[in-house]
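One chain, chain A, appears in both complexes that follow, with chain B as partner in the first and chain C in the second.
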Partner chain A sequence: MSSSSVKEKFQVSPFFVFFLINANQVGVGILNFQTNLVRTINNDGWIAILIAGASVNLMIFLIYFLFKKAPTDEFSDITQSVFGKWLGQFINILYILYFSSLSLIVLVHYMDVIHVWLFKEIPGLLFASVLLILVYYIHTGGFRTIAGWAFFSIVLTYWMTFICFYVMKYSHIRFMFPMFDHSFSQLMMGVKDASLSMFGFGTLLVYYPFIKKAQTSQKFAHMGVLLTTCLNLLVFLVSIAYYSSAQLELTKWPTLTLTSIVKLPFIQRFEFIEVSLWLLLIVPNIAIPLWAASRMAKQVFHTSQRTTLIVLSLLILVMFSFFIRATSFETFNKWVEYSGYILIYGLIACMIIGLLLKKRWVKKRA
Partner chain B sequence: MYDHWAAAEKKVGEKTSMKHSILICLMLLSLFLTSCAQPRLLDELSISQAAGFDLLEDGEMKGFFVFPVFKSEEQGSYQIVSAKSNTISNIQFLVSEKSPFPVVMGQVLVILISEKLAKEVGMIDLMNYIYRDPIIGSRQVFAIVDGEVEDLLHTKMNQTNLNIGVYLSDLLAQNMRNGNQPVTNQHIFMNQMMAKGVDAYLPYIKNTSNSIKVSGVALFDQEKMVGHIPGEDTFTFKAMIENHKNGIYEFRFNDKKKTHVVIENIKSHVSYHIKPTENLSKKPHITIDIKLKGELKEFMKSKKIDTPSILQHVEKEVEKRVAQQGRDLVQSFKKQKIDPLGLGLRYRSKDKAMTPEKWQKLYPDADVQVNCHMNIVQTGVSQ
Partner chain C sequence: MLKKNKSKQKDPNSVFEALSRSSDFINELSSSGGFLYRISFFRPLINGNLLHEQILPFIQQLHLTPTLEELKEHIPIEQAVITRDLQKVEEALHRGSIAVRIETDWGKALLLPIEEKKGRQVSQPEIEFGIISAQEAFVEGLDTNLNLLRRRLPTPDLKVVEHTVGTLSQTKVAVVYIENIANPQNIETVLQRIQDVDYDQILDSNYLAQMLYDVSNTIFPLFLNTERPDRVSSGLTEGKIAIMVDGSPHTLLAPTILLEYFSTMEDYNMSWIAASSFRLLRIFAVIFSIFATPLYVAVLTFHYELIPKDLLETIVASRYLVPFPPIIEALFLEISIELLREAGSRLPAKVGQTLGIVGGIVIGQAAVAAGLTSNILLIIVALSALASFVTPIYKMGSAIRLLRFPFLLAAQVWGALGISLMGAFLLTHLMKLTSIGQPYLEPIFPLRLADLKGSLIRPQLRFLKKRPENLRPQNETIHRQKPKQGRKGKNDFYE
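Let's look at the complex of A and B:
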């Protein structure tokens, strides 16, 4: 493909991909991914994080490869050209549901954090509505505004990594050892858990045409994933040195509980600042997948993006009122995780194979 | 670069601006969300600065909360409110019933537990409550009280205008920083209590007439207290646990005059040398090396330190005594089946074949050597 299907005035510079990928990967996952990881492979989790980071990088490579080989840069058209019209549209709808579920999960999870750490009385539905209005407002500015949010959410929150260095005073290296104490199958389970906190890069499929000279942005995408991997690695290593594994398994949000040891001269309890500031990271985590879902819905149903956005937001609100404080949310979460493996990891690989086969077939006929 | 924005705005015109104003109004409405949250004004809360728990005869707990009382003419006055119940949350609630404002524990600096409670009931319920509540941070200090918490909190101290909560917090912090008390707080205690292969310790305090003093280190077997280290041994214990920069060690030199010698520690460093054995067949060998760099503070009865050989004698004597104390401590830990030094964890970090269950079996037979190397680097300004 040569030129993009999106007008240049709506596009963002290639380096924004770095922020978009990173902002979409770092969200609520980093608050509690240690708990599951430690349950499966204890202190060897860092190996799993490295492998998961490598696999995400591979996926980024495959996504760029897919767009390079595809006749168009609109993802919903690629699925149709590979799987045919009806199956393609069905798969597009699955992607729409998947992306909306990502926003929903972030919303429910963050609401839970707010309820436990800050305000237990606040009505969840009201808060979610306000957040979604904010997201809608961001969406009215177009994709460029979303990219701007991604940029600011990173610039304004990354200084909080100082917490990791602060708590090193209370950490013991000996909790990290012995290393390499797990079997290969356990390690693979760990990779599964570790890659969960790195999901979200899949929206790249949808905003790809919004990147100027998109193929040149690949290195920024890899850098974004690298930063996420490093951040997860740092948080994980600090967590296992700070907690004993039994304590880590008990803790719901290890990253927040870790913060409660921080005492600064001007503020005694830093974790409340952290939870509030986390909203900055949460907003792009809701906005980007929701934007991706609404854009795909626009193409599938041939309506305006405004309509699809409002419909999907309302759908999210309804689902939110079902899931807030419901145990079925865990099951839903699991389902979305699995569908993430199928839709992002599995289908992309399938589509590349399908695309290459189709090309060869067309060539042979000609 | 921004031309297209201006152009877009002109084109869409009033319709968009109206939509935008509706959106902005909606977002401004979110300010009303603040009324959903319960306001917590500082002077409408009873902010507890210390809490304490006693075990009563009938198995119930008696809880004490210390609140500062602000008076313009007098500093540091406080009030102690108590209640009896089976659970901490209920004690907090019952105390709230006696208080004009809701009791909050966000600023609790010290939590005192009576020895009886720590020995008979254990800490697990208390820690469960404290760890679960996000309002409570992880920095407050725990202390085990020799006797009743009630008596200790009601000690009338001379000449202090500090609230008893702040006083105790300062007392413990000071002793951890400058004295022989190993550093601990809620996080460290919780960590040690939960971890396999290491057991927890807490400061052990008691009240004497008109004062409160730190008299040793309370030792735990998982969540229950099993005994304590007397004050004389805390220097060695702290030296084995962590590297520190203060602490006083006093002993009696065995020369003719039985001189009292006092050494101040300037810097101590401890290292554990573990040689894993093949398949854990033999008993594990662990060597604990303590390096002390100290200053001679007092050398009573003797006229002066004229020959360097005296200093060497003192060094040798300290080395011998600290090593012996260390060995005795380890021996007593083995007898009580506790592991406050974290030997099990240290061993496991070297050898993955070791599991906590295997360590339980091997620990009593483990060969633990304690060596000490003392170096007196200065003797003050007098000769």
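Let's look at the complex of A and C:
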């Protein structure tokens, strides 16, 4: 792989990968990942988070390895060169659907949070449309604007981690025990749950060619994952110290409930501000996967990205109108999670093996 | 005086004949020492004294068959030109030259530039006033402005490229830069854009600026317009490019970044601690100015739980008589403040003061007493109006005042979430803006830590080692001062 297929003026500096990865991992997941984790393995969730973080780091390594070995840095071309034209295009379409559904899930989740915590009466479809218009507006600025969003979403919202330290004075260290009382298979179930909140790094596959000297950015990607892991760990530890485990299992959005305790001299009900400002974290979580999906669609269907973006946005809106206030969403969510394991974890490993075998085969024939 | 030749003979030259149709054009046929000559000029454009004292006596001295070359040698006026190019003659006449022709060859003309320049004297800056900085500002004349600038930068590297823009107005536009510092690509972009301007009349530099902007759909100024020569010269030494327009007291600087609009020249004349504090104060004031009223509307319309009980009591007490929802109240006050500002900027200074008192104090107090608005909102609106004036660049101030209104509407529709959403749109817009190709949000995005310290605060001068990176300067280092004599070693507490 010599030079990138994207012009340099559209590329971003390597260290933006740090923000891109992190912004894409921290989204609605961090508001409620504790509940599921505690339901499966109770207080040992932090071990699961660490293992999940390590597995994500491994995946980052594999993705960079894949691009290093691959003849091109466009992911949609790599799938075709590994699986052949037809199967490759089919897999590309799967990825497009997967990335779009990531955006959709974030949108539905956030809408849910708003309905419960902020406004019951806000028309969901209208809000989703406005948000998608914003995303369209962001996309018109190209990938640089998206990277900028990843950056700003972190800079403007990470100060809210002070909540974690604020609630420490209401927490009890004995809630965190007992530790280490779960079997290996339970732990693995926990890892599965913990890694859910770290999904989203898969879009790296698509924006890889948009990074200047992409191979040098690997360390930033690892750092981004490390930051997510630390953040999840912090939130989880604070949550299990703050709630008793029985309480935590029943709370739908523990992070928000935790915020309600914050009282400043001039502000009460801090979660109102948190939910509103959370928008800034949500925007890159919708924009980046949707951008990835529309860019892949552009290459697969040979049209302009404007067209694919509009089509995918409309698709998301239609799906959104089905899912809002519908229990089928949970099923859909599960499906997307499983396909995430297959598409990101499974398929990448397959592709690396395929790529290496193909190379060897070509060498042998020559 | 010139001898009036009543029986006007027809000029053999069609150009002069055509110009004579304008009654302020003088085309005199006279004779002296046995030969005929013509003097042609626009009466309002030339300096009559020069004509009478320096030119006519010399013509009178000549006799028999003189040539224009002879005349040119005798007359003590520099930049005299002899030409047959009629277009050139016409242009020169419009710029305040006189044309002298002799009967031997009416087609050939001697052009003597004796332009009369009338205009304002250099005076104090009124828009970007500074208390402890230089008290001179640009005026309308381009040459005066260039004089002010060149006196501050007496270096051979300071280059001026002049262009004429505007098909009717023929406005002189000067692009000024320092050759070894400014980025050649930026210079080329600016020159190219000026050349591409095809418009009949250029009235002002800010008028031209809109044609040179990267995008036209924005309320933010992308070029910094300043009337301070010191600001321009410091911009040039950083690697910026200045665009001066004849007839405009404002000079444009490009490329610029958002944070630059919050710095004044005074910042560099104060201790760095004070200057940095004031700069941060300005940035805070602008944020306050944009968000204060929308937050009031959002909180009182939707999220009154946000406010602690004691504070809520005060607020409720202040507005329990008000019959309107907060948005009407806020819009009423915001619009009346905008009215005051707009009227104040149109009125003569003395009337303006009176109006300020009537508008600000009487209307405000009366509105509260009549139960139209609450006291607290009055304070918030007045403070945020005040805060919007802290930016030294007027255009940025008006952009900030305008920004408040979409935020107000968003706050009314979706409360704090609406403000967040509008903020997201604003942020995206800012991220997409560029000033002659350089990102507007630098050094925050793209992040340049070295520049961040110089734009967010005003660090000690010795920490400003490099020119700002967003200008892509050729020569990065600013020369550092030598260590002071007699300064002791680091760990020495003077024994």
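Criterion: the second predicted complex is superposed on the first by the 366 of 366 C-alpha atoms of A that agree within 3 Å, B and C clash if a C-alpha of one lies under 4 Å from a C-alpha of the other, contacts with A are read in each partner's own complex, and residues count from 1 in each chain.
In this text, a contact is a pair of C-beta atoms (placed from the backbone, for glycine too) under 8 Å apart; a residue touches a chain by one contact, two chains touch by 3 or more.
Keep in mind the model is a prediction, meaning the values are calculated, not measured.
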{"item": "Which superposed partner A:P265 touches (first chain B, second chain C, both, neither)", "value": "second"}
{"item": "Partner chain in contact with A:T140 - chain B first, chain C second, else both or neither", "value": "both"}
{"item": "Chain B versus chain C as contact partner of A:Y170, first or second or both or neither", "value": "first"}
{"item": "Chain B versus chain C as contact partner of A:V130, first or second or both or neither", "value": "both"}
{"item": "Touched partner set for A:E121, first chain B, second chain C, both or neither", "value": "first"}
{"item": "Partner chain in contact with A:S13 - chain B first, chain C second, else both or neither", "value": "second"}
{"item": "First (chain B), second (chain C), both or neither touched by A:T257", "value": "first"}
{"item": "Intersection of chain A interface sets (partners chain B, chain C)", "value": "118-119, 122, 127, 130, 134, 137, 140, 263, 268-269"}
{"item": "Residue ranges of chain B touching chain A (in the complex, touch as defined)", "value": "4, 19-20, 23, 26-27, 29-30, 33, 36-38, 106-107, 131, 134, 137-139, 187-188, 190-192, 194-196, 198, 342, 345-346, 348-352"}
{"item": "Chain C - residues contacting chain A, complex", "value": "302-303, 305-308, 311, 414-417, 419-421, 423-425, 427-429, 431-432, 441, 444-447"}
{"item": "Interfacial residue positions of chain A with respect to chain C in the complex", "value": "12-13, 15, 114, 118-119, 122, 127, 130-131, 134, 137-138, 140-141, 144-145, 148-149, 151-152, 155, 263, 265-269, 272-273, 275-277, 279-280, 283"}
{"item": "Complex contact set, residues of chain A against chain B", "value": "9, 116-119, 121-123, 126-127, 130, 133-134, 136-137, 140, 170, 174-178, 180-181, 242-247, 250, 256-257, 260-261, 263, 268-269, 271"}
